[in-house]
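Next come two complexes built around subunit A: one with subunit B, the other with subunit C.
Let's look at the complex of A and B:
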């Protein structure tokens, strides 16, 4: 089972974090003006700019979630959890605070819901919400999720997931 | 958090996370309320206020913790009490290293300071150490208050080089 990448969206629909474990497809055009250093200029998983791709992913997830919630009969059910195509499987986890975790794996993966929940509870809450420098990071323009402890622990945790290569 | 040391009934518990959040927010609040019109924070004033907060709190805490304890023999005994019982009551661990020059200067080293264990940023560790300095005001005040209420007038300063390693320097004031 391979884990391809993980997107984290905040309550305001911005992509605050994108981590990729497989190499992205080569970009379609060469010589893109890539002088800026902001993360939004970086390429996402498919080679287009991260900002564009994050918007597309968020759109897909948002529409599917609305669709599923309208179709679901039980009011207390989880709603949209994952979808699978012939090439990949997308897992979705949303917290009550509006934080959205989207993870893409290969199509034969089992449910990653518990893994996503652990990423939220043990890693995001521990190293982002409890970071004393959170406010200072926010005022200097960087989202508090961009910190070394969070990145390191996320990498370490994902590598322990079953079947990760 | 200090109920085990105080020997009270510990069926009444408080979530530790709420204390961590409170301490973090306290430092941020002090800096926000001292941000001048030009945007420059008056760090000195914020540090002073936080240290005094810690002083009051340290004085009160040490009253409770030493309730059933026999008298202290000398200053070294008081400092050793801070390193052991006081730190255990606050952070569930002891100070890792105590150095003294036997002339009124003590250096306490904590290799994994609890309130710094979740601290990290995106820049260099020098940047983070600078930002962490503001978070040292409150613990310094705690130590100064504890020592003050036990009869030892001191000046306490803190230093952080690499997170979560930090040192506190206690200088006993001459009467």
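Let's look at the complex of A and C:
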């Protein structure tokens, strides 16, 4: 079982956070694997630039969300939960405020819905939303989360998940 | 419980669709065409955004009210089976539909490849397979 990475998108479809735990070809890491997530110019999980990759990921989950809500007989359900291919499984969680959490794991992983909810409720809300500087940053447009408390707690939490190795 | 079957050709066009139950929202044929095109595009992208190289396209999509099993043949035809969330191994059923497709569609001398499937024999055999599967589940 492996957890590959986590994307967080705000409601304006910007990728505000990307964290990878497994990189196919790690560039040069100076002893600290934990600080793998760098600025938004970094490369994503597939080797293409993170910006391009985030657009593709957002496009996929956005299209699937619409497709699922169109097909679902009863409106107002949670909708799209996850999909899997031969090599990975993508888990999706959306908050009522439009924040989107996308996590990639290996294809045999259990549902990560609760884990993503916990990341939102106990880590994102605590260390990003409640950060008094957050509002200033938010009004200045795109604001990647560069909050050490958030990152540290995210790392700590994901490492305790049953699927992590 | 199998809700619906869709067959998408290698260009993303919808060539066959049947609803078997009332478990899904009723869509117009235009909406189904758009959905097939969307799925075709998303399917192609999902193999590119894989964190592990060499991924296939989407194989199973899960939602809280249904699942979509997708089986892509080597020639690029996609069989989409929309089932109940509790439906086990519907991928076996997609293979069976592929067999029926090979027998009653591809071997039909009057069928034009890539065009919508309007073949009674295929229809009735798909219905039979679905009835069997739904009765067993």
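One rule holds for everything that comes next: the second predicted complex is superposed on the first by the 141 of 165 C-alpha atoms of A that agree within 3 Å, B and C clash if a C-alpha of one lies under 4 Å from a C-alpha of the other, contacts with A are read in each partner's own complex, and residues count from 1 in each chain.
Assume a residue touches a chain if its C-beta (ideal position, glycine included) is under 8 Å from a C-beta of that chain, and two chains touch if they have at least 3 such contacts.
Keep in mind that what you see is a predicted model, and the values were worked out from it rather than measured.
By the document's definition of touching, of the two partners only subunit B reaches A:147; subunit C does not. In the superposed pair of complexes, A:83 makes contact with subunit C only, with no contact to subunit B.
Contacts of A:104 after superposition on the shared chain: subunit C is touched, whereas subunit B is not. By the document's definition of touching, of the two partners only subunit C reaches A:71; subunit B does not. Contact with subunit B, but none with subunit C, is seen for A:130 once the two complexes are overlaid on the shared chain.
Taking subunit A as the reference chain, the count of touched residues is higher for C when subunit B and subunit C are set side by side. Across the two superposed structures, the residue set of subunit A contacted by subunit B and also by subunit C is empty. Subunit B contributes residues 17, 20-21, 23-24, 27-28, 115-116, 118-122, 128, 131-132, 135 to its touches with subunit A in the complex. Those residues of subunit A whose C-beta lies close enough to touch subunit C in the complex are 4-5, 20, 22, 24, 45-46, 53, 56-57, 59-60, 63-64, 66-68, 70-74, 77-88, 90, 104. Of all residues in subunit A, only 126-127, 130-137, 142, 146-150 touch subunit B in the complex they form.
The touching residues of subunit C, when paired with subunit A in their complex, are 22-25, 27, 31, 35, 38-39, 41-42, 45-66, 82.
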